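Order as written gives the chain letters A, B, C, D, E and F; numbering starts at 1 within each chain.
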Amino acid sequence: MKKIEAIIKPFKLEEVKDALSAINIQGMTMLEVKGFGRQKGHTELYRGSEYVVDFIPKIKIELVVADDMVEGVIKTIEKTAWTGKIGDGKIFVSSIEETMRIRTGERGEIAL
Amino acid sequence: MKKIEAIIKPFKLEEVKDALSAINIQGMTMLEVKGFGRQKGHTELYRGSEYVVDFIPKIKIELVVADDMVEGVIKTIEKTAWTGKIGDGKIFVSSIEETMRIRTGERGEIAL
Amino acid sequence: MKKIEAIIKPFKLEEVKDALSAINIQGMTMLEVKGFGRQKGHTELYRGSEYVVDFIPKIKIELVVADDMVEGVIKTIEKTAWTGKIGDGKIFVSSIEETMRIRTGERGEIAL
Amino acid sequence: MRKFILLALVALTLFSATAVFGADAPAPKVVNSGDTAWMLVSTALVMLMTPGLGLFYAGMVRRKNVLGTIMQSFAMLCMVSVIWVLWGYTLSFGPDKGGVIGGLEWFGLSGVGQEPSDYAPTIPHLVYMMYQGMFAIITPALITGAFAERMKFSAMMLFSALWLTFVYSPLCHWVWGGGWIGAKLGALDFAGGTVVHINSAVAAIAAVIVIGKRKGYGKVPMPPHNLPMTITGAALLWFGWFGFNAGSALTSGGLASVAFVTTNTATGMAAMAWMFVEWVHRGKPTALGIASGAVAGLVAITPAAGFVTPMSAIIIGAGAGVVCYTAVSLRPKFGYDDSLDVIGVHGVGGTWGAVATGLFATVAVNSAGKDGLFYGNPGLLLTQLIAIVSTYVFVFIASLILLKIVDMIVGLRVSEEDEANGLDLAVHGENGYDFET
Amino acid sequence: MRKFILLALVALTLFSATAVFGADAPAPKVVNSGDTAWMLVSTALVMLMTPGLGLFYAGMVRRKNVLGTIMQSFAMLCMVSVIWVLWGYTLSFGPDKGGVIGGLEWFGLSGVGQEPSDYAPTIPHLVYMMYQGMFAIITPALITGAFAERMKFSAMMLFSALWLTFVYSPLCHWVWGGGWIGAKLGALDFAGGTVVHINSAVAAIAAVIVIGKRKGYGKVPMPPHNLPMTITGAALLWFGWFGFNAGSALTSGGLASVAFVTTNTATGMAAMAWMFVEWVHRGKPTALGIASGAVAGLVAITPAAGFVTPMSAIIIGAGAGVVCYTAVSLRPKFGYDDSLDVIGVHGVGGTWGAVATGLFATVAVNSAGKDGLFYGNPGLLLTQLIAIVSTYVFVFIASLILLKIVDMIVGLRVSEEDEANGLDLAVHGENGYDFET
Amino acid sequence: MRKFILLALVALTLFSATAVFGADAPAPKVVNSGDTAWMLVSTALVMLMTPGLGLFYAGMVRRKNVLGTIMQSFAMLCMVSVIWVLWGYTLSFGPDKGGVIGGLEWFGLSGVGQEPSDYAPTIPHLVYMMYQGMFAIITPALITGAFAERMKFSAMMLFSALWLTFVYSPLCHWVWGGGWIGAKLGALDFAGGTVVHINSAVAAIAAVIVIGKRKGYGKVPMPPHNLPMTITGAALLWFGWFGFNAGSALTSGGLASVAFVTTNTATGMAAMAWMFVEWVHRGKPTALGIASGAVAGLVAITPAAGFVTPMSAIIIGAGAGVVCYTAVSLRPKFGYDDSLDVIGVHGVGGTWGAVATGLFATVAVNSAGKDGLFYGNPGLLLTQLIAIVSTYVFVFIASLILLKIVDMIVGLRVSEEDEANGLDLAVHGENGYDFET
C-alpha cells in the first residue's frame, strides 16, 4: 500500500475530490496547511506598512491506496489540481506497511 | 521505529489518549482533519436548501514508537476508538528511519 | 528523497523557516498541531476550577528533500528550534518514493 | 419636575390677562427635549444597523471574503455620511421641484440648523437630517449582499455614490420629501418599505443580472463561514430597527410606542414562522433560518409599523416568514446568483409589507394614516400597488443604466483568480483571521 | 405632547375662571415625552440583553454546540415576543384576580393603548407592556444555560412556552402586577431579583435534576470555545442592564439616575471581587472570571438598584463577587451539571441581592421604598425572606411538573450520538464556523 | 428649548400680579426629563465604548493575547467604576482648590444626589457624575493599546489606578472641573480632545519608552488575528461616540444635534481619507484602514464637536485621516513599539482636533464657545496650543514617574517565556479559542 500526499490550492479541493471519487477512491483525509515554496507569498498591509507573508494557505490530501492505484490517483490529481501557475503544489508517495479499519479490525488492503 | 497514524472520531480523542498514556506512550501529536470515506457525509441546510458536506471532522493522531510497541498501540486504539458505526476510522503504519529530540540532540529510539 | 517532519514550538517557526531558507530549502509545508509529551501540559482555569490541558499547541513542518540534504536540514532545525526547555520537539525522517510537481508533471528530485 | 412648573405657571396665568399664542394659530415649532432625545437615540440606533448588516452579511460568505463583505457596509457608512450632508439631503428633502426632486438650496446643509423644520416641528432640523441620513446609508449597503464575493470594491463605491444620487435621492423625495408618491398619490410608507427595502432589492435584481454568478455557484458548496457572526448581526439589526421604525414617529409618545410594539411583534412572529416552515420542509429548525425570518419580519413591518395594530402585526409577520422563506428556498431554481438573498428577503418582504399596509392600516392607530382594505378602504391598496410598481420600474431601469456605466468605467467584477483567492487578500491585501500565533 | 399641554394651558387660562386640576386631585396621566424616550430606549436595551446572553452563553460551550446555544436565546426573543402580546401580559398585569393572577381582559392587548396606564402614568401603556415583555423574554432564556449542550430544541421550546404561562406570569403578577408578594406582603424587587433571577435559577435546579449530566461531565474537559464571544456578551449585558435597572424607575429623572449609578458601581465592584478572589485562590485573574463577576454584580444589584445608595452598592457588589465565585467553584463538588452556572450566578446572586435589599434599602433614596435592617427596620428583611422562599417553593415544584410533562410528550434530551456530534449538526443541520474556504 | 418657552411664559406672567422668579435670577435647577433621558442614554453609550475598544484592540493582537488585551479594557471598566465614585469624581469635579484639583468634599459621592448640580442644571447630579465616570474609564483603557502583548496585568492595574488618581483627575479638573485650563485660560475642549485623547497618548509615549519593544518587533510579522473583531469594535466605538460627543452638550436639543452631526460627518470623511491615502500609497484600500480612519476622525472631532459647523467637520475629518495615516505609517521608522498606535491615532488625531478647534470654532454654532482663527480670533489658537503643550508636559512627566514606581513595586513586563507563550495562557490561565471539539 502507498500513501499519497498531495498539496493543492484550496479552491481546487472540490474538483480533485470529485475526480478521485469518480475513479473509485473510497476514502481520503484532508487538512488545511500553509505552504512555502517558489510561489513566494504575498504582501499584506497593516496600517500603511507592508509585510510579506511567506506561508500560503494550501490543502493537503492524504490517501492510502493499493499499489496498483497509485499511478491513476497521481494522474487524476495532476489533471484536476493543475492551473499552470506557480504554486499548484506537489504530490509525494511513500510506503504504508499496515492498515487497519477500526470498526472491523480488518487489516491490509481490504481495510482501505 | 514506526509511525502510527490513526484517524478517529473527535469525541473519542480523550479516551484514546488516556488509554495510550496507560500503556506508557509518552508522546504523540494530534491534529484536526476532515475525512471522506464510506461514512458518506451529512446534509447541511442553508435557507431552505440542502447541500451535502462530504468531509467530516476527524482527529488524526500521529505517534512514532519502537517497533515492538506497534501491535500494542494499534490494539489500544482499536479498542478505545471503536463504536462499531461506520466512520470509526483507520490506522496506518509506516517506517521512520531516524528520530531526533531537539532539546538534547539524541537520536534513535531514545529520542521518542 | 526523504521526508523530514519537525514538531517545534510555535514561536520558533519564523526563525526555523528563515534558517531553512538560508540553506536553500525551497519548499516546505507547515501545519498547526497539538502535542502531548514529556512537557506535561498546563492547567487552565474555568470559574474557579482547574483542569489540565494535555495537548499543547505546536507547529509541524514537513519538508521533502534530497537524501544528501537531510543532515543539513536536521542540524539547522535543531539549532534554531532549540531552547533547551522540555517540549522543544522532535524530528522524524522517513522515505519518500516518488514526487511530482503538479504544475509541470516533473517527477523525482527535480520536482522538489 | 416639569409638571410642577407648569402647574405653577397655570396658577399664575389664572390671574393674568393675555394669551401667549392662540389655539388656532399653527403649531409653533419649538424643540422638545424628550422628542429630541428619542430622535438622537433613534439616529444612533439606525447608524448601528449598517455595521450590524455588515456582520449579518459577512458571516454568510466564505472566510476568504469576510473583510471584503463587512467593509462594503462599513464603507457605505463612511461615504454616504459625507455625501448626505453635501448633496444627498437637499436632493431628497430640499424644497420640492415639481414633485420630482428636491432643490439644491440646502447644499452643504446651508439653512439646515438647530431650529425645527416643517418635517418635524419638535426636533432640530439637524437631527431630522441626520436621522434620514442613516436611512440613506443603509440602503446601498443592503444591495451589497446581492453581489457579494465578486464585485470590485472600486466599482461598488462608484456605483453606490451614483445610485445614491440618481436613484435613492429622487425616490426618497417622492415618498417622504414632498414628491408625488407621498404627498400627491398618498401612498403610505411609515419607515421605508419602498424607499429602503424594495428600492435596494430592485437594484439587487439589476446587479445580479449584470454581474453574473459567482464562479462555481450551484456546483461547489458555499457554506457560511461564521454563523454566530450572522446571528449577532441580526440581533444588532433588530435592536437598531427600533430606531428605524419607532423613530419614524419623529416624536416620543404614543405613535412611537405603537411602532415599537408592532415591530417587535411582527419580527418575533416572522422568525417563528420561517423557522417552523423550514422545520416542516427540511426537518430541522436552523439558526440561520430564525435569524433570516427575523430580518424578513423587520422588513415587512417597516412600511406598516405606525399604521397597524399589534394583532395585524402578527399576521404581517407570519406572512413575511412564509413568503420570504418560500422565495429564498426557490432561489436555486432561478438562474441568478443573489448571494445573500437581498431579493428574497428585502424585495419579497418589502413588497409584502407595502401591500399589507394597504390591507391592515387603520386610522384608529394613527390619525395621520389611512384605513386599508380590511377597514373598508380598498383605495389604499391600489395606491400602494401603484407606488410599488412605479418603484420597481424606476429603480430597475435607473440601476441598470448606472451599472452599465460603472462597468464601462472601472469594470464591475474582479478577475477569476482574485475571486478564487478571495477578495480579502486580492482586493484589500488582508487576511480576516489568523489563529496560528 | 408637551406642546399640547402648553396649548391647553393657554386656552384654559384665556377663560381664567377655573383651575385645570386641583393640587389634591390624583396626578393626571399624561404622556411625558422625556419619560417615554427613556422607556423606549430602556425597552430596546433590555431587548439587546437576550442576544447578549446568547453570546455570553455560546462562547462558553464547545464549538459543536455554538449555534444550538445561541439559538435558544434568540428563539426566546422570538417566541415570547408573540406570546407576551397574546396572553402573557394580561396574565401578568391584567386586572388582578385574588392576588393570584391577572385576568384575560387584556388578551391580545385589547385595551392596551397609547394612553398611560396606572402602572406608569407618564408613558403610553404600550411602552410599559413592551418593557415588561423584554423581562419575560430574557427570563426563560436565562434557564437555557443550565441544560446547554444536551436538551432537545423542541423540548426547550415547549417547556419555555408552558413555563412562561404557568410560572413566569403568575410570579410576575404576584410581585409587580398587583399580586400578593408586591402589593400585599410588600416585598421590594426593584427590577427583577425574584421575578427574573431567582425564578430562572430555581427552574434551572429543577431542569438539571430532571435532565441529568452531559456525557463525560467531570471526566473530559469541556473548555469554552470562544471567550472573546463570552466577554462581548457580558459587555452587551452590562450595557442593556442600564435599561433593565434604571428603566425600572419608569421615569427619566432622579430615581433612574440612582439606579443607573448603583448598577454600574455594584457591577464594577463584583467583577473586581470575583477576579481578586480567584486570583488569590487559583493564582491567576481570568477573563471569564471578571466577566462572570460583572454578571453576578448585575444580578445582585437588580432588586436593590432603586432602593440603596451607591456606597451600599459597593458592598452588595463585593458580596456578589465573593459568594457567586464560591458557589460556582464548589459546583464540581455537587453532583449536578448546571452547564453554565445559572444556579451559581443567578440563584445565589439573586438571593443575595434580595436579602441585601432587606438590609440596605433606605427611603432616603426612594420614598416609595422602605428602610431595611441597617436603617432600623428588621421587618423588611423578613418580608424579603418570605418572598424568596415562596418563590423557591412555587417555582421548583411548578417547573418540575412542567419538565416531566414535556419529557413525556417530546422527550427532553437528544440521543447520545447527537450529543457527541453536537447540537449544531444534529439538531439544526448547520455548522457554526467554516474557516477553510 | 423648552426652557425658552417657560421663560417666555414667565416673562408674560411678569405682567400679572406676581412673578415666580425674576428674569435676572439664576436659571432654576430643575430636572428635565428629556435632557435626563438623553444623558442617561449617553452615559450608557459611552460605557459601551470601553468594551468596544477592547474588541477593536483585541482583534489586532496575535491570537495568544486576545484575552489579555480584551481584559485590559474590561478591567478598566470595572476598576474605575469603583474608584470614580469613591475618590475620582471628587478629585476631578469637587469644589475647586486653587484651580489645581477638586476637594475631597464629595468623597464617596457624599452630597452628590438626585438634584441637579451647577455643572448641568437640568439633569440629576448623579447622572452628570456617572457620565463623567465613563470618560474616566475609557481614558486609561486607551493607553493599554500601547503596551499590549507584553505588560503584566498586575502592573497595568496598579499603574491605571495611580494614573487615574494623579494624572487623569487633575487634568480633568483643569479642563472641565473649574481648573485653570478651562475656567481661567479658556481653552475649548468640547468632549475630551485634551482630557481623553492627548492625555492617553502622551501616557502611551511614556509607557512605550519605559517598557520597550515586544520581542521580535520589526523582525517577525505580528499580524492581527481577527479583523472582523476589530471592525466590530470600531463600529461600537462610533455608535458610543454619539454619547461621548453629542452627550457633551449635557442637554437634549440643538447643541447636541450639532455635535451629533459634526461627529458623524468628520468620522465618515476621515475614514474615506485614510482609505484613499492608503489606496494611493500602497495600492489597496484596507478594512483596517477604513476602521482606523473612522477612529481617527472620531478622535479629531471630539474637542471641536459642539463648536464647529458640519462643513468644518469635513475638513477636520479629512485632515485627521491624512495626518493619522501618515503618523502610523511612519511608526516603523521610529524606534518605539506602540503596539496598536495609540500615539499615531489618539495623540496625533487629538492634537490635530485641539488645533482645529482653534481654527474652526464659531460662536454661530455655540454661543458659549468662541470664534477661532478662521472666524477672526487668532487668540483662541494660542490658547489651544498652551493647553496642548501643558498637557504634554504634565502628563509625560507624571506618567513616567508612575511607571517607574510601578516597575519598582511589581515589575512592568512579563517574562520572555510568558511573552512567547502569550498572555492568555501565561497570565490568565485561559485560551481564547478552542475550535476543536
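A few points about this structure:
Here is the rule we go by: a contact is a pair of C-beta atoms (placed from the backbone, for glycine too) under 8 Å apart; a residue touches a chain by one contact, two chains touch by 3 or more.
In this text, all values refer to a predicted model and were calculated from it rather than measured experimentally.
By residue number, over half of the contacts seen at A-F repeat in one listed pair from B-E, C-E or A-D, namely C-E. Across A-D and B-C, the chain pair carrying more C-beta contacts is B-C.
Work out the mean CA point of chain B and of chain D, and you get 52 Å between them. Once the centre of each chain is set as its mean CA position, chain C and chain F turn out to be 46 Å apart.
Chain centres here are Cα averages; for chain D and chain F they lie 32 Å apart.
Touching two or more other chains at once are residues 11, 31-32, 34, 44-45, 50, 53, 85, 94-95 of chain B. The residues of chain F that reach two or more other chains are 2, 5, 9, 31-35, 37-38, 41, 221, 223-224, 226, 252, 282, 284, 286, 288, 428-431, 433, 435-437, listed in rising order. Those residues of chain E lying in contact with chain F across their complex are 2, 6, 32-35, 37-38, 41, 45, 62-64, 222-228, 231-232, 234-235, 238-239, 242-243, 246, 251-258, 260-261, 264-265, 267-269, 271-272, 275, 282-288, 290-291, 293-294, 309-311, 314, 433, 435. Interface of chain E with chain D (complex): residues 1-3, 5-7, 9-14, 16, 19-20, 23, 27, 31-38, 40-41, 43-44, 47-48, 51-52, 54-55, 58, 66-68, 70-71, 74-75, 77-82, 85-86, 108-109, 113-115, 123-124, 126-127, 129-130, 133, 153, 226, 229, 252-253, 424, 427-437. Residue ranges on chain A touching chain B, taken from their complex, read 3, 17, 26-31, 64, 94-103, 105, 111-112. On the chain A side of its complex with chain D, the touching residues are 9, 11, 14, 34, 42-45, 50, 53, 85. On the chain D side of its complex with chain B, the touching residues are 221, 223-224, 278, 281-282, 284, 286, 288-289, 292, 325-326, 328-329, 331-332, 341, 344.
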